[in-house]
Each structure stands twice: as C-alpha cells, then as structure tokens.
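Down below is the structure, laid out as structure tokens.
As written, the chain order gives the labels A, B, C and D, with residue 1 at the start of each chain.
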Amino acid sequence: MTLRAAGIAVHFGALRAVDGVDLAVGPGEAVGMVGPNGSGKSTFLNAVTGVVAARGSLEVAGRRVPLGRPGAIRRAGLARTFQSPQTFRELTCIENVLLADRDRHATGLAGAWLGRRAMWRRERRRWARALAALDRVGLADRAEEPAGLLSYGQQRMLELARALVGEPAVLVADEPSAGLDDTETAELARLLGDLPARGVSLLVVDHKLDLVEQVADRVVVMQLGRVIADGPPAEVWRRDEVVEAYLGRRGAARG
Amino acid sequence: MLEVRDLRVTYGTTVAVDGVDLDVGGGEIVALLGPNGAGKTSTLRAISRVVPATGTITFDGEPVGALRPEAVARRGLVHVPEGRHVFPNLSVHENLLVGRSARDGRPSAFEVDDVYDLFPELVPLRSRAGWALSGGEQQMVAIGRGLLAAPRLLLLDEPSLGLAPTVVDRVYAVLTEVAGRVPLLLVEQDTERALRLAARAYVMAAGRVALSGPAGEVAGRDELVASYLGRTATVRDGA
Amino acid sequence: MERFVSLFVTGVAQGAVFAVVALGFLLIHKATGVINFAQGDLVTLGAYIAIWAATDLELPLLGAYAVAVAALAAVGVLIERFAYAPIRDRSIHVVVISTLGAALVIRAVIVLWRGTSPTRLRGPLGFEVVEVLGARIPKQNLLIIGVTAVCVAALWLLFHRTQFGRQVRALASDRMAAQMQGIRVARMSMLTFGLAGGLSALAGVLIAPTRAVTVDLGFGPMLYAFAASILGGMGSIGGVVVGALAIGLVQQLGGGYLSPDYAEVYPFVLMLLVIALRPQGVLGSEVRARL
Amino acid sequence: MPGSEVGTAPVAAEPAARPARDRDVRPPVYRQRQLHGVAAVAALVVALSLGVDSAFGHGLLHSWLIYSVVGLGFYLVFSLSGQFAFSQGAFVGLGAYASVWASEGRSFAWGLLAAVVLSAAVALAFAVLVVRSDHFYFAIATLAFSHIALIVFRELESFTAPGGEIVGIPKPDLFGHRFASGQDLALLLGAFLVLALLLTALVERSPLRREAVAFRDNRQVAATVGVPVLRLRLGMFVLGSTYAGVAGCLFAHTSGFISTESFALELGIDIFLVVLLGGAGSMWGPVLGAAFVVWAPEQLRFVGEYRALIYGALLVAVVVAFPGGLVGLVEAAGRWLRRGRGAVRLRSVGERA
C-alpha cells in the first residue's frame, strides 16, 4: 500500500473530529473523499500529514512513519496541498517549489559556505526539476515572480507544483477546486487525472462531485468523524446512508 | 428591512461574491442556498461587516455598509457564525450572558431563561466551559446567544454543519419555534430542511444569485440539484 | 525557624507584588493578544508619581497613592491610543517593539523629571515590624499581602461576575465572534490598558517602600511577572497568582539558603526548566499567544 | 567568486525535466549583487579609516563597525528566520568576557577562538533547552537568559572580575602585529565586518535563505513541504549569536574596558534599533541602521538629556510609519525615480498619438 492509515483519531476537547478512521490507498490508485462540511475530512488530512496531533498509525510507501512529524512524512513521500492555498508569498514561485525538492544535499550552512561547487551543481538540477514542475501546471513563465503576485487559481497551481516536485508516492489534495472557475477546474482535473499513470497515488477531498468522479476510482464518504461508505462512486452514491448524510434526498433522484 | 445591492467581496484576486442583490422583509424567513464555495458565507459576513465588501447594505432604511461589525450587531443585525464560535473559556451561562451585549437598550423577546426553555439540554451544562461542549451543544449555545442579543434580523450560517441528524432535527425544531418571533436569513447546505422552514430562497452559485423565488418553486427546479453537484455551468445558463 | 518564616513572608510579599504586575499584563494580553513591555516602566512611573504627590504636593500618603493610580490609568490609555491602536492589525513583532518604544519614552521622561539618583517612598506603616513565630516581619510586607489579596479577589469578581469581565474574556478568546456579539472592541482595549496602568501603579507604590526607588524599579518585577505568567500557563488569574508566589518564594528561599548572589537567577532557572519540560506552563492547557 | 562558474554551465541533463523553452538556470536570488555590496563596504571602510584623523572620529567608526556585526547576527536570527530573541546583547557580553578570560597572558587569537566557541556552544545549549517554546515563550525565555547572563557576569568573578568590571584590556594582536592606533583598529574591525558580510551574503545566495524565509512566514507549512525546521531554527540562532560573540570580543579589545553595564537592556534596545531602523528586509539594513544609531546621538547632542526620549519616540515612529526602515526609504526613493522616468516616457507616447 502506498498509504495506509489505521485507527486515526483526533480529539479537540470533547469534540471527536476524527473518530478512528482506517484508510488505504494502493499504488496508482486515486481515492476521492467526500462528506458534509465539518465531517472531519480536513482534520483527517491534517492528521495524516502531521499537522495536528493524532493517534493511530501511518504507513507511507510501505514504511512506517510517526504521526505528528510533518517533515518526516513529507520526506517519506506523502505530499499535500491545503484547503486555502498556502504559498510563501515573499518567495518567488520557483523558490516555493525548490523548498520541496527531495534532494536536500548542500542546502545547509556547509553548502552555503564550503561546498559552493556541490551546492551549485545540485541546485541546477533542483532548479531544472522545479521549472519542469512549474511548466506542468503552466506557471513556468512566472517562475521568478513573487508568489504573492499570483492570482488565487495560480496559487493553487503553484501549490500543486510544489507538492509534485519530489515525485511523491501519494498526493493528498484538500479541496483543490475550491475557488477555481470552470476552465481552471477542468485543467485541475486533467492534472490530477494524469497522476496515477505517473505512479503518484491520489487522495482528494472535494465538494465538486464531478471532479471526484472524473479523477477517482474509489470514493470514501465521511460523516461525523467516521467513514460511512467506501466503494466505486456509482455504487456509493446510491447507498441510503450517503444520500441521507450528504446528497440530500433530492440528490438521489439524479442517479 | 434588509436591502443588499450589488454586493461584491474579493479576497486578493478571487471574487467570492460577485454582485449579489438580496432582500429580507420584516418578519420574513429567507434561505440562502448553494454549494460550498458559492459565496453564501462571504455574503453573510459582508452583511455583518466582518469582511470588507463593496455595494450598499441598508438595514431598516439606514445604510450600515460603513459601520464596524460591533455597531452592526448593536443595530440588531445579529450574526450566528459558521463554526459556531462559542467562546471556549466562558461557561454556557456566560456565553449566553455575553449575548446581551448587543441589545443597546432594545427590548428583547428572549431572556436567558427562555433560552433554557427552548434548549432544556443546556440546563445541566450551565457551568460547562465552551470548549468542552459537543458540536450540537455549541450550536445551541450559539443560537441562544444570538437570540439574547434582541435581534431584529438573525443571520444564521449553516446551523446544521457537522451535526448528527437527530441533533439537526432538534436545532430545526427550535428554529421553527422562534421563526414567528424573529426574522431569519438562513444559510444552509441542507436544502430540504431550509426550504421547509423558509418562505423564500435564493440559490447562489459561483458568487452570484442563480435562482430566487418562493421556497416551493425553488424546491422544484432542477438547477438547484445541478448547482449542488458542481454542474455550475448549467446553473449559469439558466440564470 | 525564624529565618524560614522571615524568608517565607518576604517571598510571599514579593510574589504578591509580582502577581499584581502580572495581572495587569495578563489583562492586556487576554483582551488584545499583546505583550506589553512597558508594564515595568509603568510600575516605576507609578512609584515616582506617588513620591511627587506625597512630597511636592504634600498630599497624605493614601491620597498620593490614589493620584498615582489615576495618573497611570490615564497613561495606560495613552499607550493604547498611540502605541497600540494605530498598528493593531500589523504583525505582533511590530506591536511588541512599539510597546518597547513606549517603555523607553516613559523611562526617559522619569529621568528628565526626577533625575537618576535613588529616592525613597514612605510606606503608610513606616518601618514598624511585627513578630511572627520569633521572626521580625516588616508590617509593609503584611500590607502588601493584604492589599494584593483584596485586589486579586476584586479582579476575580470583575472578570467572572460582571458583564465587563465576561466581555474581556470573550474578546480574548475570539475577537471576531466578540465583535459579532456587539462588544465594542476599541473601548474594551482602552479600558484594559487603563486598568492595567492602574494595577502597575498599585504595584509600584506597594513595592517602593521596600527598596530604593530608581528608574530600574519596575524592570525586575516585570521580568518576574513574565515568568509568573509562564508558570501559570498564561491563563487564569489563579494560575498567575500561584506562579507569582512561587517566583517570590523561590527567589527568597533560594537567596536565603543557597547563595544570595544568585537570588535573582533562581526564578528564571525555574522558568526555563518549565519552558523546557512543559512549554504550556505548569497550570496551563493551551497557549494562544499572538506573538 | 564562489558563484562565478554558474553562468556558463549547461542545464543539468534530465531530458524529462527539461522545460519547453530554453532559459537561464539561475534562481533570481543568486543574481543579486551582494558581493558587489560587500566590496563597496570594504572600500568605504578603508577610505574612512584613512580619511578620519581624530580619535573621536575613529571611536565612532569603531562603534559603527562593531554594531554592524552585532546587527548582522540579529538580522539572521530575527529578520531572516523570525525568532524574537532578546539574547543578542547577552551574547555580546559572553563573547567579551570569554575573550578577555582566554586571552589573558596569551594572544588575542585565543580570545577570539574562545568567544566563538563559547557563544556558539551556549547558544546551542540554550536553543535546545527551549526548543519546544514558540513565539512569546521564546521571547521571554531569551529575556530571562540575558538577565541570568548579566548576573553571572557580575557574580562569577573567577570568569570575569569583581563586579564584572575589567579595565586595561590589551588591544588586539594578530600575526605578530598589535592593532593599537585608531586606524589599525578600524581596518581590523572592518575586516571582521567584511567577513561577517561575506558569510551572510553566502547564506543569502544559498538555499538556506529561502528555507529561513519559509520558516519565518509559516513554520507549519514549511514543515509539511519538508523544510528541516528544527535544524534551521537552531542553526540560525547559533549563527547569529556567534556573530554577537565575535562582536563582543572585538568590543572588549577595542575599548579596553567592559562592565556589565555595557551589556544591559540599553544594548538590547540599540540592537533592535539597528535592525529595525535600518530595515529588517535586507542584509544591508543593519549596516545602515548601525551608522544611524552611532551617528544620530552625536547629532542629537544639542538636545542633551532629551536624547533618550527622542530615541524611544523614534522607535515607535519607525515601526508605525516606516516599516521598511532606512533601506526601505532608499528603495522607495529608487522606485520613485524610476517611476518618474517611466511617466515621462508614457507621456511622450501619448503626445505622439
């Protein structure tokens, strides 16, 4: 399994935001996660990416990784994007991407002061990779502009480029289509849809069911911090508990 | 009573609300529906002035678009926010008492005891801190706090958000009970419940009002379902 | 035994003064999220104004104290208006540096006005002592403890039993929701700075009779108040008071039984240990500082 | 020049990663001209040390150079990696006492070595101790640290001297030469400033800069993209504190006299002023800010005892009204000039149409 999360639980005071969630994503698999607002999807993503303290166990690309260690989780091959795009506004676009490169040789003081030659050599490779990642999301032209100057949609794309630069084993995307217009959403769907073929597994949370259907072969439905359904989209949409919790009774009529 | 014209909210370069017109008459229950990211919450926040916006907002004939949020609340335009925002370090009882800050001398239809009558669940929790409440209990406190502000119009943002169906039933039972006494502008994802409560509804998609009319009519339109499933293109064509 | 009792009472009295400073500091921090680095110099200014009112104006001592408290409440409001309100939405670094600048101005004003040579402020009880378990305790120390106890009780009631107090606490935990509830945040922030100014002056007049008054009078108490707030977890009134008493006791007992040269160091060592082992404070649960 | 080979080097051979169109492969941050700036400062120091002929003038020059080194260190800790530390003044003191202690009866080089090793080691130990604290707690912890340090300087007489006062510290000697004259000292201090600038410039022209800025802007997000936040935080703190230690060593041997007073709160405030007045957004900020902090009090001499008052008001005014500091003003002036030229061109186009 590329990603295996078992028994993930997050409590805020008395509120059980995530209440024992098991989820596995296989190699080259794309999984969609849906559920009403406040059902714990984002908190679950925050837990498996180490941003909030959680209980449970986590495996990335077949290796156990401790929860609560965002850096170690990223280096193990789990990359993410955020619900509202989190770019470093004062850095240029390409620097944003460079930050996430897996090759961390000569990035410290030793590289800056002593190993300048090695640092430049590595940096040129990192630079080429970062530029390629930016090119993939259509931002190569803006590489040297501060990220703060990008539009909202472009910031999302930049975040995606940053997540994809190290060829992660799995990408976790938190509402990647929020705030995007139709053309941007279509472009996003194309980018995400290509990932499994490139060997990157995908876990995507989104409210646009069209997008989820388009990119995911499996859908997980969450409600009140638990998984209430898991299966192929067409089948999951028909289940009563999903209809009740999420689509509303009228929504079922469409199927 | 509340008149909103050409409301626009932008975050950086993103347009969240793109020219919304909206009216709520005295004593009316109005629902504001639409999928996530359609701009419902931003509309509500713009009306209560916690996010900057352009356009005109008139409440009871008076422009409120330039006031501070606390001044808007003191005029009786009271907002029960998404995510409830119960004060975590105050007890249930104290949260309710703080609700009275916005009265500004207006007579109130509700006192603290009335709130306990509406939500008897809260009585044993009187002295429990806000952070230790469940989501449903927090929602009850938030609604009670809003009612104690002597609202002339209550803006309710997603009162069913993240709550178990039985709790949603409780919350809506109370909303139905108070609906005759307090006008409501209700933002909701649970279309069905909202349309049962409201007399009129607006449906938003991509920052605009895509559809509006009496609740019964709105409920029958296909665009409503379409907008929820992300087929925003259909909605725009219809609008 | 006498030695212990004497050190203990002095420690509690010193801790009580730190508690008063820390409460003012906590008040501002809770209502606005700001760490006010001018708090120490407000203590000093309070003591100097009391000295001025008692000697130059020849007011009775309690009148002089009242003048100091009132004047410092006004100074607190001025700081809020000039050093905080204009930059409220800027980064917390900016706000902290701005309060540092305010501290520098106050300090400079004191030096210009009263010079740098040490002076004294009489206590209302002079140098009278009372014997407790064989130890000779200055009555001033007992006065400090008594006044602080009253003050803490009054503040507790203010915070928990009045609408003002509930509003401050609401503002502290969720500014946006507080605004939505119609709480006038600008007025609240002025009031809390004013109240904190008054508390500083009170701490100043309480501590001044126990030592020579110089322009550095308030600096130490401010540092200890910071330490007390951290020990108490930056949370409740009770936590801060317990933290402040612990600081005062550690300082006096450490100075008395270990080495007096390092008496000032022990409280900070305690604080650093707490930060290292339990960053959220001994009594605290969650930290919500804006810095 | 360490970076000079870059311009001619071909793109690394990774066909799949090769972007569609050919472009220069240097990130823009590496195109900056920090090294030219370092050379300019070096030339300025030489010119000033030759041009100034009064002991008073040399005193100001020395202060500027030392303050600049301290400020550069604080730039790394505070401006670049966003750590709100009050400990910089204490590390100046630690360096000063350590160097006097170690160089007694030996050469200056031993003192310098001791200052570097001791300030780096103490900074590391302290940073590791409080590594779980953030923001406000960290600020207070550093404040407590500097208070403890002052008391230790005063009381630990075997390390410092009775009361922490040491007089008659010999002038520095290196390579058999004693830097006794004002001019010699200015050149020596200038060499240290150039070294400090060079080391900072190399950090600015390296991946460390972007990681520090990312850490400063949002440490949580930085961690999720794989920035080693812990190493970065400790590293920058230790580095900046070591700059302070070296500056302390230079200060002790230049002035010949130290006491705990020299490292009290006033020094801490001065360091904030140096960085903020100069402009926290640029490594040149501290150099400009130090010049101002050293030069302005002399110009303000006529205001006499109101100096401290004006200083405090200035601090508030700067953070409220000029967030970019002096560097920001210079940049704004540059932009204004350029915009002026642009406007003229636009108008001429309009006339032709």
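Basically, a contact is a pair of C-beta atoms (placed from the backbone, for glycine too) under 8 Å apart; a residue touches a chain by one contact, two chains touch by 3 or more.
In this text the structure is predicted, and so the values were computed from the model without any measurement.
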Chain C and chain B - chains in contact with each: none
Pair joined by the larger number of C-beta contacts - A-D, A-B: A-D
Relative to chain B, chain with the most remote C-alpha centre: D
Distance from the mean Cα position of chain D to that of chain A, given in whole angstrom: 39
Averaged-CA centre spacing for the pair chain D and chain C, given as whole angstrom: 34
Distance from chain C to chain A - Cα centre to Cα centre, in angstrom: 48
Overall pattern in which the protein chains touch one another (line/ring/star/complete/other): ring
Which chain pairs touch, all of them: A-B, A-D, B-C, C-D
For the chain D and chain A complex, residues of the former touching the latter: 2-3, 5-6, 9, 11-12, 14, 16-21, 23, 25-30, 199, 202-203, 205-208, 210-211, 213-214, 217-218, 220-229, 231, 235, 239
Residue ranges of chain B touching chain A (in the complex, touch as defined): 11-14, 16, 35-37, 83, 88, 131-135, 158, 161-165, 189-192, 206, 219, 224-225, 228-233
Footprint of chain C on chain D - complex, ascending: 84, 129-130, 132-137, 139-141, 143-145, 147-148, 151-152, 155, 265, 269, 272, 276, 305-309, 311-316, 319-320, 323
Contacting residues of chain A [partner chain B, same complex]: 12-15, 36-39, 151-153, 175, 178-179, 181-182, 207-211, 224, 244-245, 247-251, 253-254
Chain B - residues contacting chain C, complex: 48, 50, 68-70, 73-74, 78-79, 81, 85-90, 94-95, 97-104, 145, 149
